[in-house]
């Protein structure tokens, strides 16, 4: 077995890459003209988010995000968007105000987060990740499955609702 | 040509130059001559005989002839009999949809010279609209004849005696 | 000078046989997958020919019963023209099949070859493999949309409907194996099977459901609905030509291969038993894993010759009623076995 | 080890992008996608807090949030489809004008 020595720490590289992917595809979701591309880039947002979760040491949440959010939900959005015709071009509105509001909220949040993190120092690696899967498998497995089942029935209900013919 | 900036044209010419080199060309010809996939286009009664070519008795799949679904994935078209003016347009359309190294066999007397409709106003000869490689006489030809034509076409491809990526006059 | 060459040779060999390089590149990655692709499509055509009392591919190489047929087809696809029709969305049309191929290929990397030889030895490696498998359908939807063709669009929508219905039995039946062996780590699962016995004997219900889901999700024959030849030309890949279509044809086989590897690890005991010549190097038990996966793949392609095709509503009904109920029952079954173990 | 503050910074920038999208678009599908971006940013913040404080309850909260988002998206998309079927248009500004 060989040790790989990278000049740049690989974790930082992955972090930078996925953060850039996250922000760029978030902008593309809003600005692209085609709905299908927008839904596709929403999927990219979910993927990059899952990578960020895994980087913070919470692999189970990353996997859950991949299976439920990217694999099912966003696919469902994509699947539905494919059925619409492409939207007509809407007449442009004055967007600078919206941009300013968005930037203001982002700045406020960033400042707030910074003030929170200034108070308490960082700590070591989380230890809860080791016991949790065993707990889920042994104690909460059936409960988790029932939650899944409920969510699934909601989804099916929604599908049935959408498929019903409109009588008019 | 790179300086002018026509990158696409340059790449195409470079790829073509590479493909026409001797060992690559031999490998390509070997691959193509055992992988002739015909498209389903039944214009007349010879289609029945062509169906028999792929059945258990004659089994054209021995030679790598696998009838496949759409014109985009196939490279070989058999004109099965009479081409009326209306059908000729369809045959030409299907031919245009196929990717480039593509081959045509005209099957039966009708496709060669009209057959029993030789003096009809509504007939198109296959070689008038498509570059035919091999003709099969007969009304209709037997499946063995079709297989022999396929083998002849294979020999022709193995020799490298076909056009590829060149504008043709016809 | 000699020392330098020796050093380079040893380092190169070490680098090649380190799991991070060897797994994605050689086995069970690219090279093994491509050779399996070539053998399996030939096998599919040959089995169909034998059942219909024909020869099948023969004259291309007479001594090996035409095993080179797929090499010839691959060469033809490689050298034929790639047509990009005018009405397609060009970026998605070219890039989507390539990304789809990459994402279909990813789950293979997680699967371990033997006890000491895994590219990613993570405690949730089973869940990672399942999560990567669920990304398949959305990229296929993009492929089908990009062609701007009615047949490929219908094929993509069918695949979307099917994927919503097969993902749930897939995940539940895999989870019931995880519950049975009390771990999400594929290496630990195989170790437990070496101690207890194969998973297929403990929980045959989950094994059956998983097998049906493999056939269902890779559009092998009774469920070949997304690429139904006689209804919609070839499904999502109708407009594709040349090497892009070759990729598209390979994708479902690669997916079949990766799911079969997972099946062999979960239910057929993985690389066990490790007998004498195989314990010399940690790569060698992979041969047994490959043989087990190959049997599953060969069985799934054999079904083409003997089964007709379901309609899409019949397939959806099977997935939502039968498969879903059976998967749920298999989960309960696993819990029952655990309870008996705890009690006794 | 990456500074945890960076995750919150990314999350807040993402939130800003989502707010801009919701405010500036009138198309219902596009607004739904923007809301999903907002959800992703909130999830990222939640996960980074969970990873920072190592609280097990945060874990379960994230699970619940993702699951509920799945159901919510299903309902919203089917509403959009119904609206499209009924009116042939998914412009939200047009919907509130014609009641019924």
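When the chains are written out, they are named A, B, C and D in that same order, and each has its own residue count from 1.
Keep this in mind: a contact is a pair of C-beta atoms (placed from the backbone, for glycine too) under 8 Å apart; a residue touches a chain by one contact, two chains touch by 3 or more.
Treat the numbers as computed from the prediction; the structure is a model and nothing was measured.
Enquirer: Weigh A-D against A-C on C-beta contact pairs and write down the one with more.
Expert: Between the chain pairs A-D and A-C, A-D carries more contacts.
Enquirer: Centre to centre, by mean C-alpha position, how many angstrom separate subunit B and subunit D?
Expert: A distance of 55 Å separates the two centres.
Enquirer: Please work out the Cα centroid separation of subunit A and subunit D, and write it as a whole number of Å.
Expert: Those two chain centres are 9 Å apart.
Enquirer: Mind checking the centre-to-centre distance between subunit C and subunit D? Centres are C-alpha means, answer in whole Å.
Expert: So the centroids are 34 Å from each other.
Enquirer: Using mean CA coordinates as chain centres, what's the gap between subunit A and subunit C in Å?
Expert: Distance between chain centres: 27 Å.
Enquirer: Name the residues of subunit A that each touch 2 or more other chains.
Expert: 60, 72, 74, 76, 83
Enquirer: Every pair of chains that touch: which are they?
Expert: A-C, A-D, B-C
Enquirer: Can you list the residues on subunit A that touch subunit D in the complex?
Expert: Checking each residue of subunit A against subunit D gives 11-12, 15, 19, 22-23, 26-27, 29-30, 35, 38-39, 42, 45-46, 49, 52-53, 55-58, 60-61, 64-65, 68-69, 72-74, 76-77, 80-81, 83-84, 87, 90, 93, 95, 97-99, 101-110, 113-114, 116-117, 122-123, 126-128, 132, 144, 147-148, 151, 154-155, 158-159, 161-162, 166, 168.
Enquirer: Please give the residue numbers of subunit A that touch subunit C in the complex, ascending.
Expert: 1-2, 4, 34, 36-37, 40, 43, 59-60, 63, 66-67, 70-72, 74-76, 78-79, 82-83, 133-134, 137-138, 141-142, 145, 152
Enquirer: Given the complex with subunit A, which residues does subunit C contribute to the contact?
Expert: 14-15, 18, 20, 89, 92, 122-124, 127-128, 130-132, 134-135, 137-138, 141-142, 145, 153, 156-157, 160, 163-164, 167-168, 171-172, 178-179, 182, 184, 331, 335
Enquirer: Tell me, which parts of subunit D touch subunit A in their complex?
Expert: Listed in rising order, the residues are 1-21, 23-27, 29-30, 32-34, 36-37, 40, 43-45, 47-48, 50-52, 54-56, 59, 62-64, 66-71, 73-75, 77-78, 80-82, 84-86, 90-91.
Enquirer: Where on subunit B is subunit C touching in the complex?
Expert: Answer in residue numbers: 19, 27-28, 30-32, 34-35, 56, 59, 61-64, 66, 69-70, 72-73, 75, 97, 99-101, 165.
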